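All chains are identified by letter, namely A, B, C and D, in their written order; residue positions are counted from 1 within each chain.
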Amino acid sequence: MLKSFSEDRPFIDITKVTKVYPPDIIALQNVSLSVDLGEILFLTGMSGAGKTTLLKLICCMETPNKGLIDVGGYDLSKISASQIQSLRQQIGVVYQDFKILPRQTVFQNIAMPMEVCFTNVKDIRKRVDQLLESIKLTHKRDTVAGKLSRGEQQRVAIARAASNSPALILADEPTGNLDAEISEEIMKLFTELNAAGSTVIIATHDESIYRNTEHRRIELEHGLFSRQTQKKQLSLTGLMS
Amino acid sequence: MSRQTYFFLKQTARNLKQSWGTQLLTLMTVSLSVLIFSFFLLVYINMINASERLGDELRLIIYLDHEVIPEMQPRIRKKISDFAEVEKIVFISKSEAFHRLKEQLGGEQDVLDDLGADFLPPSIEIYPRRNLHNLTQIKEFSDYLATLPGAQKVQFGQSWVERFGYFTELMRVIVMLSGILLILATVFMVSASIRLTVVAKEAELEILRLVGATNTYIQTPLLIEGLLQGIFGSSLGLVLLYSIFLWTKMHLHGPGLFSVLTLQFFPVSTTVMIIATAILLCTGGSFASIRKYMRI
Amino acid sequence: MLKSFSEDRPFIDITKVTKVYPPDIIALQNVSLSVDLGEILFLTGMSGAGKTTLLKLICCMETPNKGLIDVGGYDLSKISASQIQSLRQQIGVVYQDFKILPRQTVFQNIAMPMEVCFTNVKDIRKRVDQLLESIKLTHKRDTVAGKLSRGEQQRVAIARAASNSPALILADEPTGNLDAEISEEIMKLFTELNAAGSTVIIATHDESIYRNTEHRRIELEHGLFSRQTQKKQLSLTGLMS
Amino acid sequence: MSRQTYFFLKQTARNLKQSWGTQLLTLMTVSLSVLIFSFFLLVYINMINASERLGDELRLIIYLDHEVIPEMQPRIRKKISDFAEVEKIVFISKSEAFHRLKEQLGGEQDVLDDLGADFLPPSIEIYPRRNLHNLTQIKEFSDYLATLPGAQKVQFGQSWVERFGYFTELMRVIVMLSGILLILATVFMVSASIRLTVVAKEAELEILRLVGATNTYIQTPLLIEGLLQGIFGSSLGLVLLYSIFLWTKMHLHGPGLFSVLTLQFFPVSTTVMIIATAILLCTGGSFASIRKYMRI
């Protein structure tokens, strides 16, 4: 959990954010959204709608052209370099292109966020083994990640995002290369992490993973929120702008 | 802190193991650069030494029309020293000059017996300081000496000085130009090998930043690596240079040669300086090259 | 169409093929399969089942440890380097990791297989523009591929595979990053290509794209064929080994 | 073929545009390498020239106990030439020796008037060929000459020869070692920059292979690139070297110096050779580096 965060505010608060990539590609336009602590949120939308851009804004990989973003009590427009570092240690991201290191082993890839936090070796081993079981890759523990199939790599990316038990998990198309059976396992993992206190945002096209849940879903269209379902009656702040 | 130290050592060990190819390349680059640089430094230092030694043999002789009485000597000494610093001034009387010639003739000296001991003119020999090696300066000095009272003619081994001056000048130009070229080559080599290292590490650095690694976490292993590479690379380079030095010394060993020139290696202080510089460059270079990953 | 190929044989003939990755990872075990000219074949199976490996064997990216593979009349165990080159010019592959060049434009990426065949510039332009329309990326024609969203990149990869109107298209998880609507477009494109004479093999997890088709589907499980549906009554050669 | 040519030119142009940074780096590397290499070649050539010129001044003098009658001269000439090839043999009679001394004494020559014109011994001056520059060889020759009938004593400018021999020896060692170091540096630089280029092109080459590009399709643009880089890189290097050469020549300009040594630039043939070698290395290097992508 983030230290500076008080529970009565939304965990993520995005206010009228616009992101324009040079020269003039409008990825997000005047978007507002708030996510409560402990929520699971689905972000859907056509290819190129701006899902990845929104996630990148939340984890400080991009800066908005307009608008305010507040994550776990940090105002991202005023955040210092070392604050970004400690914020990122609290965020686990499943990148759409995985960003795993092909020449390091599965173990090393998953352990990386914990090593960065100087977690002790025993705890790292325990946690990695536990995660490997969840993603069904125990037999690939010491294989170099570049020699895995794409679906296996995606699972490694998911395990890495989860490894540090982060306060926030951003999963960008986490099941794009996974079959229905394993997708279900992964969703179970996310639910477990959520139960343990993580807020989870999942950007996806895979209808099957959100069809039967009661979590909130926001649909993006050309950089605008076009629709949102509010199952849990939790937050009403996320509005079409 | 102890857990962190452990992490860093582990990290460094892992890096070394995973990218030993690149590491070896960098090590070789550092060695080669240090070798090249210190080789030229050594050549330069020995060249200066040599030119000083050879410069010792330079002397100017003023032939006089009459002997200098001992009381006058200090005044002339002063006049000479006023113009240029000199090492030594020797007054040669007629008889001294005669004795010298006699010695020089060796077996043939009896031919002089019929001549009077004063057929040779008296002279003053001037051994200039080492800073007076430039031909033009020597000529100016010689012109000045010709104006001294009683000076008939001023002589110095003009052809020898010219030849020697030409040699040192050429050597200096060659060493200087080589030095510039080699510094360029060295800079190129070091930056190319750092670039190769960074290319290999790019993905890892990006992800480390994204999972929130602190500057310390990223820089410490690099610092250790740079330190190791600086130390081992430059030591290897210097050991190689010393081997070359010894080989050259042996190779050039001949009777009498070392009376003229003695090859000298660096003093310990210079060696230490070279190693320190190498370490600084290695760590500094890798820090500079990952600078763009240190933003955010 | 491949010159050396006679129509009375299966277009692709795989006989008892085993692929073992070093040290002892059995990706395919004694697999036999034949695909007829002009067929559309779906290849499904869990993550790590060996789908990608099978496709790699067909396009000569890997060599089998045992068994025979015959593609368009070429016996791949005896094929020469220049034959591999001309065979590959006839195969369009959508790689699971896209393999697009991030620093070249969308146009350049799609044009590449045609340039390799020295197609003339006018034809290249016409074909690329036509494909860009199919994949709905006309507005990104001159954008550098690295600046596209993942879904857009995937579409570029698909267009590149199709650009040369190849005799064989191998698509590995072509809709992993695409929403239902665009997936449908892509399937339409594949059907068109098939109608124009291409044989198409699609490896996928996405049930929605094969659910309502009548094409043959083969399911892999741990390197073995576990099941196959034969809707079109075309080939009976593809058997569980 | 014409469409292919167009494609290749387009491809090359695109490559140059897309990777101009790397291209420029390679160009600079080639220039620097050619500069360094040809610089040392030039130094070496001029050093050999210089040592030949200076070697011209070497002569051995045999002092005889009696004059050689003209009829004997051919026999002695033969005896001397039998041992080592010589440039010139001059027989000096007593009177010639006396006249020389007189000339050398200049103003003082009247002191000799009282002495007989035959107080100096007759001698034979031997100017050896240029291949006789090694001190040991000269000594052997000198020892041999001492055994000639009537030879009293053999003299040669021992200290000068020693010093000169030492210098050329040292220079040769320095130039040789520098050459080795620089060839290492050059090899390193060229391979590093090729490696950087290949790293940049890796993905593209892989995909080209996968879409069935022929060897010609892949290699031709590289060939053109290598050609351009070889030509421009080496020309630039040689132009730089020529500028340095001119500068050095001007810088070293002094009265009388060029009577001893004249600096010379490469002949055209060597220049062409250097450019050709650079082109070969550039194309060969990039071909070798993409070899692994040419399989399958």
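The rule we apply is simple: contacts are C-beta pairs under 8 Å (C-beta built on N, C-alpha and C of every residue); 3 or more make two chains touch, one makes a residue touch a chain.
These numbers were taken from a predicted model, which means no experiment stands behind them.
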Chain C and chain B - chains in contact with each: A, D
Relative to chain B, chain with the most remote C-alpha centre: C
Chain B and chain D: spacing of chain centres that average the CA atoms, whole Å: 24
Whole-Å gap between the CA centroids of chain A and chain B: 62
Whole-Å separation of chain centres (CA-atom averages), chain A against chain C: 31
Centre-of-Cα separation between chain D and chain A, whole angstrom: 68
Contacts with two or more other chains, residues of chain B listed in rising order: none
Contacts with 2+ other chains: residues of chain A: none
Touch-based graph of the chains, sorted into line, ring, star, complete or other: ring
Touch relationships between chains, expressed as pairs: A-B, A-C, B-D, C-D
Residues of chain C that touch chain D when the two form their complex: 59-61, 81-82, 84-91, 93, 99, 101, 103-104, 112-113, 115-118, 120, 160, 164
Complex interface listing, chain D residues touching chain C: 3-4, 7, 11, 18, 203-204, 206-214, 217, 295-296
Chain D residues touching chain B - in the complex, by the definition given at the top: 25, 28-29, 32, 35-36, 39-40, 43, 54, 108, 111, 114-115, 119-120, 135, 162-163, 165-167, 169-171, 173-174, 177-178, 181-182, 184-186, 188-189, 192-193, 195-196, 199, 244, 248, 251-252, 254, 256-257, 260-261
Residues of chain A touching chain C in the complex: 21, 44-48, 52, 96-97, 147-152, 154-155, 173, 176-182, 205, 207-208
